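In what comes next, chain A is part of two complexes: it sits with chain B in the first one and with chain C in the second one.
Moving on to the complex of A and B:
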């Protein structure tokens, strides 16, 4: 490659909102119901039905818009996007083209230093800060729309089956400006949207489960060129891995075409993560014309200053504010803060435990150490944590009071993690509390000395390390229920 | 006045998934031209200084609260399906 190229990326992110009901009817949005049991005449597109907008959808959309620095469109409305596909029972999708609910916002992302380009299309510049770079990614608009049903392929019989449970589930589509220049920036942007929306409680944003979906628009241009190259849109990306691979694969394909003097065709492509390559999804003969027009069934939405003010007042503390406060209040390392605040659920757990009197660094150590280890083993995320902060505080207090040893505490933590037992009650019932009875401990130490003449001789011969073995043997004999420091003190005394 | 040529007829029939005969294409062309002529009359109105209308009804903010009001009506819904299998609508095989 003789020329230097730059990748230009914009994203369309669909997020399923956490409402109890669909956007235009009173059907449940619960996941996993038997096929078509959450359907009605509205969400199956029966003629003569009337959609009625779910107020909560508008509130979530406004909340996300405010959190991403958008201006809220005070008079917004819905339009019909016309296309034929069996997962779309009305033959049109109700969406917003002309007056989307939020416009002209941005989020700030951070990436590791080397991967960052400073300039972005909206004239904003990244600011370098410490070892990480910050950059603004523009948000063109956020609009509200309805999801489609699900097609299940019945390949043996040459037919497909349709389940409309998902039809009419509310979505917001967040359209970015073409401000990203690398896969790292794309992933940082998606992480930013994910945590922000999770903190707002507007969605659980799970890529694997489809509650967050990203379509990636990619083009390449010679470095320093002013205009944009021809872009392609990549679909079917349901993990951060797939997104990274697709960006790398597609930019290489486009550069290859340019280098060999061929033309890039503007098209939608489907990424096959297993094969590591993409295919043309829609052929040129398929006319792409959605013939949008205002939906006459839905009256406009007027969002008053007062309504916006009410939603603004209810906004929770978002991740950045929380991180800054943790730094100021709790004196724990930045690394801990970053990991704990990655999940609002974990951050809430952390704060409540600290409020119950536990030392912040100790709480952080349990969460970052044992809790994350168990989650990783079980392939679960932080949202799966079920134990109560009171029980974690009790566990930490028991260790502080030397009522249990660290080893025993770890055993109890594991049980607590699964069954949310009260560590104090559990330790009592199972006889796990540390033995502070000096005479019982002395008897055990004497027995260990008698049983290990070689180590005793080593220690007396000047090998100080031998005492570690004797401490270990005593702890084992005490089933971990002794205070290692007391054991060591007794050993030194008796030897 | 806008001209409806053969390419427009071709494109519209693709979008509408209609296969028109040659006679029908001629008729469609005449009909669409008439429609455009009719709409063009609006250009004669002076709309200077008039706010665009968002919706023809003087209404706004018709909402429902986020409460589940529908139960399982699968049987009724599927009664409209030409063909059904395992509680789902059967359609010709579709590429995802």
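Moving on to the complex of A and C:
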């Protein structure tokens, strides 16, 4: 490469809202369900039916808009986007083009140093703070729209079937400005959106399940160039890994084209994560004319100052505020705070457990250690945690009271994580409580000393470390139910 | 008096008094259908069995004193673009020839709840696109007054059925005059209420921002009575309004006119136009207006003048822009509304079409008629990128300007009076050859749709060939009661006049 290039990235992020019912009818939005069971004449586009807007959709959209510093369009409208495809029962999607509900916002992202560029479009800034860099990513608009159904291709029958259960599920599309310059910034931006929206309770934002989807617009330009290069849009990105790979792959492809004197074609490309390559889906030439126009079946939405005020008042504490409060209140390390607050579910669990009397650092240790370890093993995220805070508090109390040992506690935690058992009841039932009977322990220690003459000799010969082995043997013989401190004390005494 | 000669209100009254059984009314109307339907073809689908079942239930309801409303027991017809659960609903199109909806239009449900017996689905121009009922896939409907002529359209089947006594009243839909114009051509009363008065749920859309369901009936009282039953806010239609809750000075209701906002339309049936200000747009009396129609309309205006109304001519303006604006907006909306008819989920699908796109093309090419395709093409064009501003957006601006000239007119007048159509009913086949001429014939009716205003068509004489002429009265938005009062006063005056002439003769 002879020249230095810069990658310019903008994102279109679709987020499925957590409403109970669809955007324009009363059908359930529940995931799964036998095909076409969550449908009615409205969401299957039957003749003569009319859409009626779900107020909760507007509330969620406004909540996300306020949390991302957008201005709210107080007179907003829905438009029809016309295109023929069987998953789209009316052959038009009800969306917003002319007057989207939120406009001109931004979010602040953080990345590790060296991964952050300072300059930004539309006068936004990048600042450096400590070891991490902060930067604003502009949000062009957020609009509301309906999801489409799903086509199922039956290979054996050679036919296609349509499931309209998803048809009419409410979405918001968050369109960023082309402010990102690296895959790290993109991931940071997506994580920021995800955390914010999860905190608002507006969506669970699961990339794998499709409740959060990102289309990535990428172009490259020579460093320092003012204008933007020709962009391509990358679709089918359903993990952060895929997004990172796609950005790296596509920017390399574009730079390669430029270097070899070829032109970049404005087109939509499909990323194949398994092959690590992208393919042309459609070029600008065969881009469809969507013939957008205001949907005459829906009346304009008037969003009053009062309504915005009510939604603002209901906004929960967002992550930044929570982090600041944790730092002030709980005295746990920044690293812990960052991990715990990454998931609202985890943060809620943490706070409730602490409120039940557990010491913050101890709660944090369980979550950061055992909980994350199990989640990683099972390839699940924090939202999958099902055990109750009361049970975690009990577990911590049992350890504090020396009713169980740490080893036993870890065993119990694993069961509790899966089955949400009460640790106290469980320990009792399984006989896992620490034996505080001094004579029983003394008998075991005497037996261990008798069984391990070599280690005893080593210890007596001055090898202090040998006592560790003997403690271990005693604990083993006691099936972990002894207090290690007492074991050590007895060993020293008897030797 | 023969059963068939009763108005809907009269019939229901006698049924509720036990003088006539619902079954007798039904027998009479089906006998008339047997006698005339073959020649006229008012219906796409007759619901004989279903009607008898309904009749039994309704008779039981009346006998038990549960059905006491003014339409209980009355056989009525419904235009075939309103969904009827379990009964095929075709829009007179091949593409919906076998479509049976699993739900009913709100208007249909309201009729049923009122105890009306729905006897059939009436013929119409395909997807309500046309002014003659000749674009129907199922064949033309003929004018009962003269079978060499069209009944008007698009609600031609409904108008002809009422005129031929093949039902006592019918529902139509009016997007550009489709209730008022066939009413005029068939010599019955037809009314388009203010946009939002009647729920559009279950009405298969043509131009969503213009479509309104309205009654076609034998007289003004029947019209007002049916409208009273149909009107009301419907949670299934975001564009429907709750007229009972409207606040004068806001919501489009002029202050001091709270009374006009409600749904109690029959209260307006008073012979009283004393002091009512009636304006006749001079623009409506110029070129293109048949002299016989002109004379009949001006004579009708004189009658209202004699009854105490203040009548004068005035210049409305912008009239010639209404047609291009209307056809741009209606076609744009139609091109999108009709996209759902694609052969995937219901309706006609072309056989052996090959791949998906070939299937779409063949299904729609074979399933839609010429006029529908013409408007889909026109509508798709005006919404295309690069043309949207020049056509669609401009049409919306014209619409706003037209609303303004009417607002100015209604500052001076209570009611605007004029013809419904430039001529009486055209001969069969005459309009299809010249669609532009057909579009131009909508000139007096479409402004009410563009502005949302109510309009009523009342018979006001016949031409030399014996074809009916209609008088149109247009009111400001939510001022149905004014036009109903004027129409009722005129109708009573004519009736009295005819009575005294008969007495003399």
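In this section, the second predicted complex is superposed on the first by the 486 of 495 C-alpha atoms of A that agree within 3 Å, B and C clash if a C-alpha of one lies under 4 Å from a C-alpha of the other, contacts with A are read in each partner's own complex, and residues count from 1 in each chain.
As a convention for this text, contacts are C-beta pairs under 8 Å (C-beta built on N, C-alpha and C of every residue); 3 or more make two chains touch, one makes a residue touch a chain.
The model shown is predicted, which means the values in this text are computed figures rather than measured ones.
**Q** Check whether A:53 is in contact with chain B, with chain C, with both or with neither, and answer first, second, both or neither.
**A** A:53 sits against chain B and chain C alike.
**Q** Give one of first, second, both or neither to describe whether A:162 is in contact with chain B, with chain C, with both, or with none.
**A** Touch status of A:162: both partners.
**Q** Mind working out whether A:293 is in touch with chain B, chain C, both or neither, as first, second, both or neither?
**A** The answer is second: A:293 touches chain C but not chain B.
**Q** Scan A:80 for contacts with chain B and chain C and give back first, second, both or neither.
**A** second
**Q** Please work out whether A:45 is in contact with chain B alone, chain C alone, both, or neither, and reply first, second, both or neither.
**A** Second partner only, chain C.
**Q** Looking at A:95 after the superposition, I want to know if it touches chain B, chain C, both of them or none. Which is it: first, second, both, neither?
**A** Touch partners of A:95: none, neither chain B nor chain C.
**Q** Among the partners chain B and chain C, which is in contact with a greater number of residues of chain A?
**A** Higher number of touched chain A residues: B.
**Q** Contact-wise, after the overlay, does A:28 reach chain B, chain C, both or neither (first, second, both, neither)?
**A** Only chain B; A:28 stays clear of chain C.
**Q** If we overlay the two complexes on their shared chain A, which of chain B and chain C does A:486 touch? Say first, second, both or neither.
**A** neither
**Q** Considering each complex separately, which residues of chain A are in contact with chain B in the first and with chain C in the second?
**A** The answer is residues 41, 44, 46, 52-53, 82, 84, 86, 162, 289, 291, 296, 298-299 of chain A.
**Q** With touch defined as at the start, can you tell me which chain A residues reach chain B in the complex?
**A** Per the touch definition, chain A meets chain B at residues 19-21, 25-28, 34-41, 44, 46, 52-56, 58, 75, 77, 82, 84-86, 99, 151-155, 158-164, 285, 287, 289, 291, 294, 296, 298-302.
**Q** Can you list the residues on chain B that touch chain A in the complex?
**A** It is residues 11, 14-15, 17, 54-57, 59-70, 72-74, 77-78, 80, 85-94, 96 of chain B that touch chain A.
**Q** Quick check on the complex: what are the chain C residues that touch chain A?
**A** Going by the criterion above, the answer is residues 81-83, 89, 91, 96, 99, 101-103, 105, 200-205, 207-209, 235-239, 332-333, 335-336, 339-342, 344-346, 356-357, 360, 380, 383-385, 388, 392.
**Q** Could you please specify the touching residues of chain A with respect to chain C in the complex?
**A** 41, 44-53, 80, 82, 84, 86, 89-92, 162, 289-293, 296-299
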